Amino acid sequence: MTPPDATVRAVEAVLFASTEPMTADAIRNHLGGIDVRSALATLQADYAGRGIELVRRGERWHFQTAADMAHLLRRTHEEPRKLSRAGIETLAIIAYHEPATRAEIEAIRGVQISKGTLDVLMEAGWIRPAGRREVPGRPLLYATTAAFLAHFGLATRRDLPGLEDLKAAGLLDPVDLQFETMEVAKPYDED
Amino acid sequence: MAASPARRLTGNRTLHPISRSPRHLEFGSVALRMTDTPETLTLDIDGWEGPMDLLLALARSQKVDLKQISILALVDQYLRFVEEAQAALELAADYLVMAAWLAYLKSALLLPRDPEVEPSPEELALRLQLRLERLNAMREAGARLVARDRVGRDVFTRGAPEGLRTTRKALWQAEIYDLIAAYGVITARTRPVMHIVAHRPVMTLEAALARVSRLVGVEIDWRLIETFLPADARGLFRKSALASSFLAALELAKQGKVELRQQSPFAPLYIRAIGAAATA
Amino acid sequence: MTPPDATVRAVEAVLFASTEPMTADAIRNHLGGIDVRSALATLQADYAGRGIELVRRGERWHFQTAADMAHLLRRTHEEPRKLSRAGIETLAIIAYHEPATRAEIEAIRGVQISKGTLDVLMEAGWIRPAGRREVPGRPLLYATTAAFLAHFGLATRRDLPGLEDLKAAGLLDPVDLQFETMEVAKPYDED
């Protein structure tokens, strides 16, 4: 920066500290009547291309963050968070049964789901409203999205393992049965 | 080094003349005289905050470096001030305590030194002087601090900052395994469960109904329900036959075809056809 | 002004928009992890001699008007909180001795401090409780804050006016400590 003269420095400081945009007259009055127009022009040139700029709105001048830096003022900070059990169960039911209404999801889960659970899945971008079922009350239908397939590495929904696959993988065995199997297996392990 | 603190104080034993009335003391730093908080617990005398504050003001009136002040002169100034003030004001106790202590110090300094007395009066005088120096140092430091270019008074931050906003966004995570396993759990939890009973000899209700109605028809007197069971009934089959026969008996009683009799709970249960009594 | 690079512009915009002084770390985090130290140095040089300057107070940076513009700006702004004499002395004692207990403050001032005095300093954001001294009674310690440095225009506590001189003169040591030092020195003097 070229060293600014006293008037330029004064105008710069006054505009910076002011809580609102100021007219050239207001600045001049504040500085005891000196002419500030050329100082304003100098400042505008000085700040051109910087992260801050001097702008004129109507008759008033003020400093503001450069327009192309505005995105820095509102940053989104992403935090990884694990989906709750209710969330993952609800998502699984929608994925296997889509499109499904909330009542249908609850019937399958055997537990009520909170509005928040569906909100989280929508926020994650994995489910979307997919029309309404033409029954009394016209309940909203939910279906999975392309982002859902992408996140879980699926080409299509048909890539989801079927019930037979789940059974083969032991995923349909009730938990207590699995425990029994483990209990039986134990003596061998202990040898 | 001629100026051992103790020796210097000894050398200062001459009483310095007091050039001005302590009542008209100037305050060294006017900047320091700002509004006092109303909750202040100490009683101010002409704006002094306690005896140390007053002593320091008196010491400064000697117009010398605090290192060179005459403690005896200071003591005299203080005692005179307190005497005058006491006539006009109800003086706070700590001023009087300090006055008594200073009076003691003065006499100790003036009398020939008693080596038995510890601490020596010179030491006491030196300690007082050190305390005054410290208070003075902090008072001057405070004055310099508040005279700096202060934000909001001399320098200013931006008048209308846009402010920075950080919005937190959850990046939801789940694995394909979690998804599939969850579906497995739901399915296992809610799919209809079919119970297959292993082969067991049973007498159905229909069979018992047919058998009891037939047998009741040919008998006319009260009979134990057990006598309706097949003679070869054993074990589980007998239990099943008994249960079914009992249900059959209840059903027939409901239809008005038989009547039942039992003396007390768990007593033998008797059964006979209705009309059998009439016929008898 | 030389056209600044993207990082300099971003740091400039963020500091300009922030309502609070920011640490280099906070700026870096806000800008997604880029190194900002050289940008801060560049900005400080860019603004040297202007009506606005970039200053560092403790670990935090902020823009403020140049001190020699005070006479132009003062009239529009109210004076900041007026401190009582007790308040100023208490603040000075905490700043120069930090951390300090209430008893230590009272020992120097020779008078009890009212509860209100510390409250006012805390409310101003200039002092904070800073743990306890591990002596009987475990008295609370007080220390100054980042806001204290910012308000009084101190880059670090070492910039406290006269700190080194006071330290060298032993005026920040308790009377007893200085007294012991003198006692030890005496025999040599008396020779």
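We call the chains A, B and C, going by the order they appear; numbering starts again at 1 in every chain.
The rule is short, and it goes like this: contacts are C-beta pairs under 8 Å (C-beta built on N, C-alpha and C of every residue); 3 or more make two chains touch, one makes a residue touch a chain.
Worth saying up front: this structure is predicted, and the values here are computed from it rather than measured.
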| item | value |
| --- | --- |
| Pair sharing more residue contacts (C-beta pairs) when B-C is set against A-B | B-C |
| Central chain of the complex, centres being mean CA coordinates | B |
| Chain located farthest away, centre of subunit B as origin (C-alpha) | A |
| Inter-centroid spacing, subunit C versus subunit A (mean Cα positions, whole Å) | 39 |
| Subunit B-subunit C separation of Cα centroids, rounded to whole Å | 31 |
| Length of the line joining the C-alpha centres of subunit A and subunit B, rounded to whole Å | 35 |
| Numbers and ranges of subunit A residues touching at least 2 other chains | 13, 16-17, 63, 65, 72-73, 75 |
| Overlap residues in subunit B, where contacts from two or more other chains coincide | 156-158, 162-164, 166 |
| Subunit A residues touching subunit B - in the complex, by the definition given at the top | 13, 16-20, 62-65, 72-83, 85, 87-89, 91-93, 95-96, 108-110, 120, 123-124, 126, 151-154, 160-161, 163, 166, 169, 171-175 |
| Residue ranges of subunit C in contact with subunit A within the complex | 1-4, 8-14, 16-17, 30-32, 46-47, 49-52, 63, 65-66, 69, 72-73, 76-77 |
| Of all residues in subunit B, those that touch subunit A in their complex | 156-160, 162-176, 178-191 |
| In the complex, subunit B residues that touch subunit C | 1-2, 4-7, 32-42, 49-53, 94, 123, 126-127, 130-131, 133-135, 137-146, 148-158, 161-164, 166 |
